[in-house]
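Next come the structures, one after another.
Two complexes come next, and they have one chain in common, chain A, joined by chain B in the first and chain C in the second.
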Partner chain A sequence: MGLFDKLVTLFGLRKQEVKVLVVGLNNSGKTTVLNHFKSEDDKSTEIVPTVGFNIEKFKNQNVGFTALDMSGQGRYRDLWEFYYKDCQGIIFVVDSSDRLRLAVVRHELDLLLQHPDVSSRALPILFLANKMDQRDALSSVKIASGLGLDRILDKPWHICASNAITGEGLEEGVTWFTQQVRQVGQPGNRPNRTGPLASGKNN
Partner chain B sequence: MAFKRDKKEEEDGGGNPFENIEKTSVLQEARAFNDTSVNPRKCTHILTKVLYLLNQGEILGTTEATEVFFAMTKLFQSKDVVLRRMVYLGIRELSSIAEDVIIVTSSLTKDMTGNEALYRAAAIRALCSITDVTMLQAIERYMKQAIVDKNPAVSSAALVSSLHLAKTAGELVKRWVNEAQEAFSSDNVMVQYHALGLMYHIRKTDRLAVIKLVSRLTKQGLKSPFAVCLLIRIACRLLEDDDSAPGTDSTLLSFIESCLRHKTELVIYEAAHAMVNLRRTTARELAPAVSVLQLFCSTSKPPLRFAAVRTLNQVAMSHPSAVTACNLDLENLITDSNRSIATLAITTLLKTGAESSVDRLMKQIASFVSEISDEFKIVVVQAIRALCTKFPRKHSVLMNFLSAMLRDEGGLDYKASIADTIITIIESNPEAKETGLAHLCEFIEDCEHTSLAVRILHLLGREGPKTKQPSRYIRFIYNRVILENAAVRGAAVAAMAQFGAQCPDLLENVQVLLARCQMDSDDEVRDRATYYYTILALSKRNLYNSYITESLQVSIPALEKSLHQYTLNASDTPFDMKSVPLAAVEPLVLENAPQKGAPEGTLLSTPAAPQRLGVSKEESALELLSNIPEFAPLLPQLGPIFRTSEPVELTESETEYVVRCIKHCFARHLLLQFDCLNTLSDQLLENVRVSLEPAEGYRILRELPIPKLPYNETCSAFCLLEFPEELTASTGTFGATLAYMVKDCDPATGLPDSDDGYDDTYMVEDVEVNLADQVQRVWKGNWAAAWEEAANLCELEDTYALTSMRSLQEASTNIVQFLGLQPADRSERVQEGKSSHTLYLAGVFRGGHDVLVRAKLALADGVTMQLTVRASNPDVAELVTSAVG
Partner chain C sequence: MTSLRNLEYEQLWLNAHTDTRAAVYTFSSCITLADLNADGDFKLIVADLGTGSTNVKLKVYKGTSLHSETALLDVPTGVVSFYMDFSEPRMPAIAVASGSNIYIYKNMRPYFKFSLPSMDVNPLEKDLWMQVREEQIEVGVLMELLNNLRLEIGFAQLSTQSQHLLAQDPTTVPSFVQQYCKVPIKRQTVVTCVTTLKKALADEKAVSCLVVGTESGEILVLDPEAFTILEKIKLCHQESSTLIVPAVLSAFGLHAVEFRIVAACRDGSLRLARRGWTESKLLVQLPAQPVAMTVSPENASITIALMNQTLQCFSKKGKLQWVVTLPAAACALCPIPLPHQSTTLVAVSLNGGLLQLYNGRQLVDVIKAPQSVSGLVFGKFGQEENALIMFTVDGSLLVKILKRTAHFNLQGGSTSANVVPGVAQQIKLQIPKKTRLFLDQTMRERDNCVMMHRTFQRDLFQLRVDVARACVQALQSCNNPISLEGAEPVKLSAQVLGLGPLFKMVITLQNISASTLIQDIGILFHFDDKMYSMEKPFIKVPILLPGVEYPYETMIRNISELALSDQIRVMVVREGQTQPVLAAIINMPVCDLLGMV
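The block that comes next holds the complex of A and B.
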């Protein structure tokens, strides 16, 4: 077995399988986002607040995703960290119309970034500024600055606006994400920031 | 039997692949659950080991359990059916130990509503084990759907889980009654059975609703034999309730009787079992049930034979005639190849048989007693105990048999039951005493159970000094001091001291031995030896009585509390022993070891014995009162609760309001607690109190009404009174009326229709305060000595004619109950055929006045009684004599 094969096996990429953690406050739309990616047969017609977590599987561009859809209610947020260790990427969903709780989102994000299982790794993070269709929704640029995303220097991240009900913006996000995971483990991989705000500062 | 099986397995050469597994290494392996890609076969195997450990009684700490639990949650990503089902089991096992188990709620609700049929039922059961009350609302909808699901496994799982949930969330589960009803009409036998279980549970507290349910179903005829069995049990429960309406009884009985002709053996057996166990069964109803059991005794199916003979064994004492009818069939079972059946058959015959057959049957049993398990050996021992009471003359044969059994191998339960039996024989049959004690002495020479050795030594100390030759026991007892552990040595020292105090001839020898014990290596043993040695050295009989022969009579937990309180407030006054509440004397319970409580939702067909609690009534009452903010500050003034009496019903059953009165007696105060229940669903009661017309001399100090009494709730109102100054005026009758304000309300919500209400009253029975409420029983080990010592106290004597009493036993029982004093020397039991009898009673009146009573009874056209009272207070003596008159 060559070095490359070994690395590939090591990161569980032989069959292009990736495990992602989907987090964000309650009611931000995590379950709705994942429901969008599921095949027609598996789709739930009705979405209720998640209690604890749920595991969903779907495929995108030949990559098999195992997504852990965590509950965002305050009572369960402490439990996210049990699952940081063995994930290969994070999708962080934000309700862009929930201006009041943006500070809460920032606090939860800080906790996540400081956690030893996350801070030490170059995990790709996809931010979804969800519910873009709402009238009072903040733009993705505003969300990125509100959360202080430019502080994240050691991880590839990307933010895009989305509407989980129609699926708008989700393809763009997940395509970026898939690329990132493919790159992980390959020599010369570097943290790579993209997105409206990041691209402006990144050269 | 378990013991036998283990041995066999050893011989087979380690068939158990998990024999050598070890907790730490299994927990280490369980980390594999976190691997990025799950290997289902490997993980299933590891999970099996975890479950095996838990089932072997291995204890996981919270952290360990939580770690395994969260690792296990990651296995939800695998689609492997076997692994997933193992995960459900894992969740159930760990749910009570690990933290944050609700994390799997959504995953489980997804599985229980999903398409994979193999997941659904198991997911429901797992879900219920992790759900707490706060989460229930969230899953209610799914539960309701699952109850009526087409798939019987799903429906059954949901019904059974609902029963479990009802433990913590009874009110919520009650709302699922319509779903349960729908499931009940299922064609599946299990679903119908489980649905009936839930329907009954929901209605359980509403007697009328249960009666309606049962009478509807008994007419309808059920498809499921299991449901019929349950219905029989419910019917029995209704019949056993004392206050059942006369009309329903006969229909219920004839329903049970009709089940004797059911086409399923299971139902036939259940009905027969129910009939013979019912308290009110008469000979006429019994006959058909017994002939069913008789038939079963001779079938070729061992389980049926076993069930039948076991039932006959259980009722052998209550219905001997029914069992004698089966004697021939039972004789045939003596040689049954199934030893359990044979044991039960023999012991049943022993219980009912004639004196002449005892020897033959004992020989038969002796031939295989070594082959049966401890559990069945205990059955044999119990049969022997019953025989000894029945045929006192046979005690030497039986005692020999018992002592042979004592020498055999066996566990603590078995040995304890033998020792108990010997002790019972000694107590009931004076002739057997010396032989019995000799057997026990021999037994403790070689007894590996500390608790048992201690009990026997205590018994030797109590009974030995009263035998003809007390000296022979000293050697046995002193041997323990040389050979045993500290607990046994301590007990031996105490036992020797009893001989020293009661047998003047032996005093000198005992003192020499006690002096040696003062060199013991154990503190407790040395302390005891020093204590007894010092008291015995003083040669004062009254000291012997109070400090050696009589045990400490205060309640130990209360003593500890009082001493602690005393040390907190430094004071110059010495500690007053009289301020400590006395220990309640346990009434003598000989038969029926306490049964284990049945789990929620099960309905045992034989009524369970009342629970015996470790705390006294007084202690639990005190705890209750100190939790009431209005009373807590008063309690220090009142002092400890002297006595709490049994609750008395002040209303008939099935009335609009149910009121019970509990009397708490303090040294100078009486606190009446009125437990009130409102059974009207359209009324909310406010400001509920019992207004009293106290007897002369009593003063009401405080009343505490119930602010709000909603439908179907029991709350307590209180009334605090001061006893009359004159002790002799302290017995009396208080007129009582329940007074309250009614607000009409909507039965569905319990909310009042308007803010206006009207005042109303309701007559209840009088409250009676009698002597027994004001005395505490005291057990005197040496009543005669105490009586002698009390000779200089105040003595009153009077003679009474108890014309309504028909026997000495009846008179004795009534007097003991009426005076509330403790009989000594088992004098409450009148020997059969005697025409006179003497009762020795002892107790303490509130305020710490000792009372001793001697009642000489003689049979003469009713019973005549000469009552002599010695009390430390003349008023108390007068109160006792006047209470009887």
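The block that comes next holds the complex of A and C.
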């Protein structure tokens, strides 16, 4: 890589392509979060439970995201781990009004963090404490302590409360996420950009 | 050891929620899970018995928080959720059985009240109450005559009014009579247990009928829309005077097609009722009174916890399958279906707070609760599919969620080793009758035993001789793939690859001696030259090192016009020696006709 390329990447002028994984329990709002980032024409009015996974593309601060919207239903959660390998970031959506399943979220998070494809890499993880508008929603601080996020020392992570329907809080989270991904994408620590990502065309 | 195992067990469940101050006092029969608002978020509906007279409430939990509560008039005996009709959205109704009524709630609002039909009052009793109303007899006389009547027909056959009167304190009797002699006397039974039965479809959200067990020893099947009595099944015979009261009911099948209702009764009998029956059939007389029961939907086997600290399983015909002695008295029981392991566990809560999970008779998991669990339910709760809800005797609510990765050890390691053979093994098996042919054969064998033995011995020797001869012949002609004799311990294996007409033969030679080298040998192929042509009919083999496998390849073409196959002899020969070291015959495969065209 030449000096020019380095400079271009440093200033963020080059269009970067990253693959992110969107995970979380069923009914936490993963598809709704991604729906918010879509252009007005593509937005779907009715969100149905995802089966398997969907692939969505969006752009933020000159970074093109290819998001894998994984299904959160119990029987499809086995699929998540197959996509840990070639993603450059994880968005973990939590339903902050579902106090009952906070233990389940923690268990799934532990499984994710212990997976060899994740534990060995400093993947940025963005936690979205979704459904903040609900009356009995937990605050993001409570969710962070409930999930034991302070245990994550080797990865950059960030939690923000969000409301995927109105889009509140999402911009903040994704801005942080983009910065992290960009840092990872800098020289010396560049993610692998071969394969479908390099050819993936983003408008 | 035990504590270690408990640690291992605990890892299968997540502690989702613990509320020690829930103050809900209930039993398994008064707990149900239902998608009340038809939004996929399952609510927990529980009838709180309170102190037994006050604070009787129907509570709805949405996740961890109390969603709503409704006061109940009387102590509930059962709560079930069921779909009444096909109206959209599919919201289930809640039926609360208490006293002699069943209250139906829809959308958590009172919708309908069904009262059990009143029963005939003894004419003499009716007459007595009428006379006391018209002041023809004294209160004391009434009491005395009622007591006589009680001895004659039994306490259960009296009206509620008379029953109350006889149970009164002598000082309050006159005022009681004053108060109640004006109202017409009624005899009404009460609901002891309630369950549901699918009406015409086995679908999860199909319309269900209510099945009600009554104190008068009857099972009623109610229509879900009109609340008319569709079936009335008597538990006891008409002539016998003792009442058999159902304590636990379990119904399965379809009302319109075929159904079975299993009732565990207070007298310790297990009874079965089926479609079209007006009287139940005794399946088995249990050794103790039942506590709780579940019927497996797969094979209709009945698992029942008894008051003698045992868990017993019966086949659908009432045959005892197995008995497990529990370490403490059972308090509650619930089935735990595990579709991913294609089995259904049975969770038994024990006095003292232990919960044991059984797969058949095998203990697979243990859960510890701080107190004895009186109410136990497993199913969908909130968004979670596998939630175990427990109410303890001190009123706390515990919710545990089965881990997605949980896998119960159903094969059983150490736990199954010490299972003693149950009573089931002592039951005589039904062996089919001996046939005529079998008897004839036995007779023949008995008569000709000496001759048969000789014939057998002769044939056995003949076989041994044949084997020995074949063995010697093979050794003499070196026609075996392993040569152990002499200086050349060589092993040969051959492989034919391809579909034809061109085949590839791979010969693998291995020196199986410990240290000696083998040299000056070659592989010779002997074949019909009208059938096959071979690339290398002779392969010179270099020195064979001990232990190393040497593969040699050659191409063989089938040149015959006909699609026939032949044998090829492979011989390992030594220079200057006429007899081969070893030999093998390879049956060539029939070559693919299409390939020849």
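Please note the rule applied: the second predicted complex is superposed on the first by the 169 of 203 C-alpha atoms of A that agree within 3 Å, B and C clash if a C-alpha of one lies under 4 Å from a C-alpha of the other, contacts with A are read in each partner's own complex, and residues count from 1 in each chain.
In this section, contacts are C-beta pairs under 8 Å (C-beta built on N, C-alpha and C of every residue); 3 or more make two chains touch, one makes a residue touch a chain.
Just so you know, these numbers come straight off a predicted model, no measurement behind them.
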Touched partner set for A:A103, first chain B, second chain C, both or neither: second
First (chain B), second (chain C), both or neither touched by A:A122: neither
Partner chain in contact with A:D136 - chain B first, chain C second, else both or neither: second
On chain A, the residue positions that both chain B and chain C contact, one per complex: none
Residues of chain A touching chain C in the complex: 25-27, 74, 77, 95, 97-104, 106-108, 111, 136
Residues of chain A touching chain B in the complex: 12, 17, 19, 50-55, 57, 66, 69, 71, 76, 78-79, 82-83, 85-86, 88
Residues of chain B defined as touching chain A within the complex: 34-37, 70, 73-74, 76-77, 100, 102-107, 109-110, 135, 138
Residues of chain C defined as touching chain A within the complex: 14-17, 40, 63-65, 381-387, 399, 401, 403-405
